[in-house]
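Should a chain be cited, it is by its letter among A, B, C, D, E and F, assigned in written order, with residues numbered from 1 in that chain.
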Amino acid sequence: MASPPKLKDILDFLGRLAPWDLAESWDNVGLMIGNPEQEARGVLVALDPTMPVIDEALEQQADIILTHHPLIFHPIKSINTATSSGKLLKKALNHDIAIISCHTNLDLIENGVSDGLAKTIDLRQTLPLAPAGNKPGQGFGKIGDLPSPMDRDHFLRLVAEQLNLRSITLAGPVPPVIGRVAVCGGSGAEFAETARAAGADIYITAELKHSVARWAEENAFCIIDGSHFATENIVIPMLVAKLTTFFQQTNSAVPVMASQRQGNPLHHYFYENVTR
Amino acid sequence: MASPPKLKDILDFLGRLAPWDLAESWDNVGLMIGNPEQEARGVLVALDPTMPVIDEALEQQADIILTHHPLIFHPIKSINTATSSGKLLKKALNHDIAIISCHTNLDLIENGVSDGLAKTIDLRQTLPLAPAGNKPGQGFGKIGDLPSPMDRDHFLRLVAEQLNLRSITLAGPVPPVIGRVAVCGGSGAEFAETARAAGADIYITAELKHSVARWAEENAFCIIDGSHFATENIVIPMLVAKLTTFFQQTNSAVPVMASQRQGNPLHHYFYENVTR
Amino acid sequence: MASPPKLKDILDFLGRLAPWDLAESWDNVGLMIGNPEQEARGVLVALDPTMPVIDEALEQQADIILTHHPLIFHPIKSINTATSSGKLLKKALNHDIAIISCHTNLDLIENGVSDGLAKTIDLRQTLPLAPAGNKPGQGFGKIGDLPSPMDRDHFLRLVAEQLNLRSITLAGPVPPVIGRVAVCGGSGAEFAETARAAGADIYITAELKHSVARWAEENAFCIIDGSHFATENIVIPMLVAKLTTFFQQTNSAVPVMASQRQGNPLHHYFYENVTR
Amino acid sequence: MASPPKLKDILDFLGRLAPWDLAESWDNVGLMIGNPEQEARGVLVALDPTMPVIDEALEQQADIILTHHPLIFHPIKSINTATSSGKLLKKALNHDIAIISCHTNLDLIENGVSDGLAKTIDLRQTLPLAPAGNKPGQGFGKIGDLPSPMDRDHFLRLVAEQLNLRSITLAGPVPPVIGRVAVCGGSGAEFAETARAAGADIYITAELKHSVARWAEENAFCIIDGSHFATENIVIPMLVAKLTTFFQQTNSAVPVMASQRQGNPLHHYFYENVTR
Amino acid sequence: MASPPKLKDILDFLGRLAPWDLAESWDNVGLMIGNPEQEARGVLVALDPTMPVIDEALEQQADIILTHHPLIFHPIKSINTATSSGKLLKKALNHDIAIISCHTNLDLIENGVSDGLAKTIDLRQTLPLAPAGNKPGQGFGKIGDLPSPMDRDHFLRLVAEQLNLRSITLAGPVPPVIGRVAVCGGSGAEFAETARAAGADIYITAELKHSVARWAEENAFCIIDGSHFATENIVIPMLVAKLTTFFQQTNSAVPVMASQRQGNPLHHYFYENVTR
Amino acid sequence: MASPPKLKDILDFLGRLAPWDLAESWDNVGLMIGNPEQEARGVLVALDPTMPVIDEALEQQADIILTHHPLIFHPIKSINTATSSGKLLKKALNHDIAIISCHTNLDLIENGVSDGLAKTIDLRQTLPLAPAGNKPGQGFGKIGDLPSPMDRDHFLRLVAEQLNLRSITLAGPVPPVIGRVAVCGGSGAEFAETARAAGADIYITAELKHSVARWAEENAFCIIDGSHFATENIVIPMLVAKLTTFFQQTNSAVPVMASQRQGNPLHHYFYENVTR
């Protein structure tokens, strides 16, 4: 490919990396906005399509944004430009910024989101937690073993450091020693029972609801809520690396960048005087 | 209203004229694209939201387009700016052109689309053909009487002239004398049986399918296909007049124009040598 | 087969020609009315099951009518013999006239309705426009090439002559030269985008709605509405030929006739004085 | 009404007696087959539309059959005249026999099927067992009191005699004394729990399934299966009387007859040597 | 297996005998109540899970009940212990009685319920009446031949004796000589047309509704209602034998018993004075 | 009521306090397990039905547990007593512990869950945030004003103290001064846009998902996740008070207690060394 790659070439590459039809039926993946014929001048990768990310793309002269969460999730019946989502669509269209999303198709592939999460805490011999899709290795989540069992404090410190969290929310008693760990980036509470049945000592996921937390307590099974952002954002460097390799292999000098302007939307207020 | 009216004021006015919740469940009406807070500088009224109409609005310095057919009918999952609909969304957003659509809510009100069609051929004492909605007078289509019965040739000439058609498609035998006429602007074939049962001599609507035409032939009932464009475009001057009055009553000097760049998308090729 | 063939033998033959289970899920094909054990005395083939066709069958001493459009489309909850469809069922049952319909199963097979339409204008190297079914060659519509490119006027004259039309309705600009043509007999507007993407210069189908016509105009793609009757009735001689061969091969002297009493239910009124 | 009544007049009368829109959503009532304009020459009333009943109508010179069970229950996709239902439709159409059905609309009215059943065993002060519809008194089944409590043997003998049954199928223990009785003509097992909760000593209905019978046994509540035919056929004389009065009031000499050729399709074989 | 078998071992065995996923989608099979880890002390087999059967299990020191009909059919939203089903759940849980159900999975296997019924009347060369499932031999019902044709009286006596019935309900005329017989244990009326088309002289099933009985009469096809209990209870000894063999093969001294406290919930009252 | 109240009397009282049919269609409320006729010996009130709460009831000699979250949410297809939910059902049935749940019916009433939350932080002039139900004052959430505007730090400290939280999760920027506050106990993220449109400075609810947190960030609207437990458990004393009054008014000496053994199932691990 001597000529510069086009948006459609990037869509083709991503569709080979994480096939679009792997996505769940309720999901929306692929081209969100843009012209498949436009030439790629730069790609910015981020977890969410937000206004600061659009601004960052403009400053970095990137004309393509690749996100994990889809720009359009519920199909659109009107574009009200007084709303934040309407403003975003308008700005992207005004500046010819294309947006692509790889969501559940990227969750399901063997080396997808949860694989990144598993590697972050150095899990070995991982297998899919809930096999899905049509190839071995595909599925939601991963289950595997730490290089060697760790005591409770070391493990929690490891998770906090790797996910860069000052506060970890959890449910159920933390076992004194941890060897086998299940993980699922993002909102994976539905696989808690699977994780426990598969012999995990602990399960790391996000968006831990009260009902699941109570179930964990009743079953003395420990679930860590590592936050949606922290457990998924690890896929960003992976996507940057894959795209960079793709452009190198096609001899295209298209810069690929990870967003520097997107943090965890959840933050914490700590109060010392609470008694309990 | 000393200050210039905003898009939201126009939406309020149209919602009083043709209540939004009158629209059919499968329809999409109201704000299609735009910022409810933007100030109205000019309104262009057209049957369909098309690229030439956007260009016309720009030239006429109108920032609001009011259409009968909705800009977004099937909710949108992606905006591909290589397609005609994607280009249109982009151009409207780029130039801050708002688009509003009044569709089946405008069909159903007492003085709506079919009422305009009935008046075009001077029907008297009209009633709704298929009552619907929650007020008397509301419904799809109209049925009424010509001022006095007309013979076949005069009637067809009247329809051709009023709808500005060189060729009228029809099914079933045209009765020699016509007194009572049913009409329904746009695609109203579903009310053909109702029109016949109500004693109409002839029924004028559009998008006459083969199966309905065969039913008309079998039942010796005449249906005229006046074309979707011609049977509905008559609502444009009515909307222009209503909006003009509204701006006058609110002391706003907002110009209202009917589109000059939108014709019937169906045209005809005539061939003299066909034997049948 | 020395003994005369029965209705069930004809059903078996048609099911081999155009397998019943190829029909769309919303369709109704096969035996509409009749006794599978009745002996075939004559077969009359027509596009629609109508009263004049029943009368023609009686006069021709045919006891079986084969139609493309199904006699019963929406399942029946009552038979009101004051209506045209009730009268038809009654007359057929009173005179032991069986009716069989081959609808979307006949659209989908390789040598089905659209194949006949393609041959009518001499398209070469045709392929299915929208592949469907479970065998190569099956699908809706055909796309292929004219023997050599034609200019606009010659092409329109060819279509008018072959489909026996004095007036052709169309949308979008007719290209000056036409080489590649897509066709779909009957109501095929849903494949317009497919036809354009496949590189057709022009697309011939029927029941062209306003919204599709406007889309054609916006995309500068030409669609011809050749009328449902004219684009499908060409399948009648094909069915007559197939059945004749079948009876010859089984040594049965059952006459097969094409209906002479069924024309296009849509006709036209032409008015010279329209200005536009 | 000096002129003879038409089928449509009878439909109007029946619709006043048992409004068509009272029928359950899954049901089909009203005109099944026939011409609303045909003149009534005689009406034959029967529980089911069967071939012997058509023959009886022909012999009695009745051109209208009124049944409780609908001729067409599942909407028809084809009429195969080799089947019993196809033969029946054909014969009715060939001989201009109209068929009307009053089904769940006749179950629900205050003086409907179950009211007839209640009167058969002389229940007093009856109320609807399961109120439904939009007027007081409407509903499925009836519950009321015997003129005075009866012992078990007298009650069963009463039921057997009034329903003309040599064998009564029942579930649950028959109470020694019976005062309060619930009834529902036809298949009313779904109201068994309602009948028990309402204080009935016994419940008479039909089509008693194993699961309901076991429930009756477990709850020591007695349910009698009086057979669908016997518990509903009592409505025939009521319909005959109503129609006769209607014709008298309109000075029409149209004979109304109850079918003499329709018995209980269930019969019994008794075997003396069974030990249990 | 030296250690005593557990409930889960029995579930595994039953799942091999009659695979759980063969069950119909509306059905509920497998573990109804109990702890998969509990040790089997005794198994009581019965058609229905009832209170007398629970009592029998307690007296027999059986801690597992295997039934054909599921304990929980409609999923439970509350457990009201004033009702018979609430009492039953409570008693089973209080006394650690586990309940397993094999329902439509046991109907469908080659040697299932209908096979037992077929053997009861000595049918030979049987095939599934309505093939289903994913293996040859699987399906609903059986059809086969008597060792030699029997006259009507001998056949009815055979059925009455083998099913231990004093009264047999039937519809349609009993043929004078019977050779080919279709059977379906339980509620199999939906296969009546299949049985007739397959050439059966007679069809034995249960829960014969009025509409099916009338169809049988119209088509002169004989259907016997052998009662749900009698046509299915024959599976009990088969299940007892299979479980006994399983325990022997695993060297487990777990007693297996057929319930002695469950009869046909339907009984009959015979009245001699009925005239018909 | 001289005699001790029964479970059904308490159900009646709760149904008057928070009508059962106010509950959402997907919810399950009312009697979960128990005998309506059992006499009330003591009532224990808790947020969730858990094993420690059952044990507490037994120790406190309470035979009725009233919870906010339903014991049975998804209807039950089997009771596996090896699982925590199966053990709980078994223990409750074994010890005649009845369980009642008031869920969305208690959310919706005027003085329900969110009203308790609003009072906890001393909101005045509250109105329903999202009106629902059929009476004024009913609806999800509350919106109202603090007695006087507070600065950011005081407000967060107030929330932390009143909800007894050492760590508060939040999204979006906390405004410097807070006057108008919206609250919704439990999982109320779906009303975030409503809260903002209604002019709230801040919205307190629970189970704040990533997508909603990102929306808050984009719209600069602050949402506090006060945890499901803490924002709902405040309803427990209210229920204790209501039931105590009820028993006093009926002269019944039934003790009513709030559970002492149920805390927030979510806890936190704090790590000091995280940089961000």
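We take it that a residue touches a chain if its C-beta (ideal position, glycine included) is under 8 Å from a C-beta of that chain, and two chains touch if they have at least 3 such contacts.
What you see is a predicted model; the values in this text were computed from it and never measured.
Within the contact network of the assembly, the step distance from subunit B to subunit D comes to 2. Common neighbours of subunit A and subunit D: there are none. Just to note, of B-C and A-B, the chains joined by more C-beta pairs in contact are B-C. The pairing of subunit C with subunit D is characterised as same-residue: of all residue numbers used at this interface, over half are used by both copies. The chain with its Cα centroid farthest from the Cα centroid of subunit F is C. Repeating the D-E interface with over half of its contact pairs identical by residue number, the matching pair from A-B, A-F or C-D is A-F.
Subunit C and subunit F have Cα centroids lying 65 Å from one another. Note on chain placement: the centre of subunit E and the centre of subunit F lie 48 Å apart, centres being C-alpha means. Centre-to-centre separation between subunit C and subunit E, using Cα means, comes to 53 Å.
Not a single residue position of subunit F touches two or more of the other chains. Interchain contacts close the chains into one ring where each touches exactly two others, per the touch definition above.
With subunit A taken as the origin and subunit B fixing the direction of travel, the chains line up round the ring as A, B, C, D, E, F. Within the complex formed with subunit C, the subunit D residues making contact are 28, 30-37, 72, 74-82, 86, 89-90, 93-94.
On the subunit C side of its complex with subunit B, the touching residues are 48, 50-51, 69, 73, 84, 88, 156-157, 160-161, 164-172, 186-187, 206-211, 213-219, 225, 227-229, 263, 265-276.
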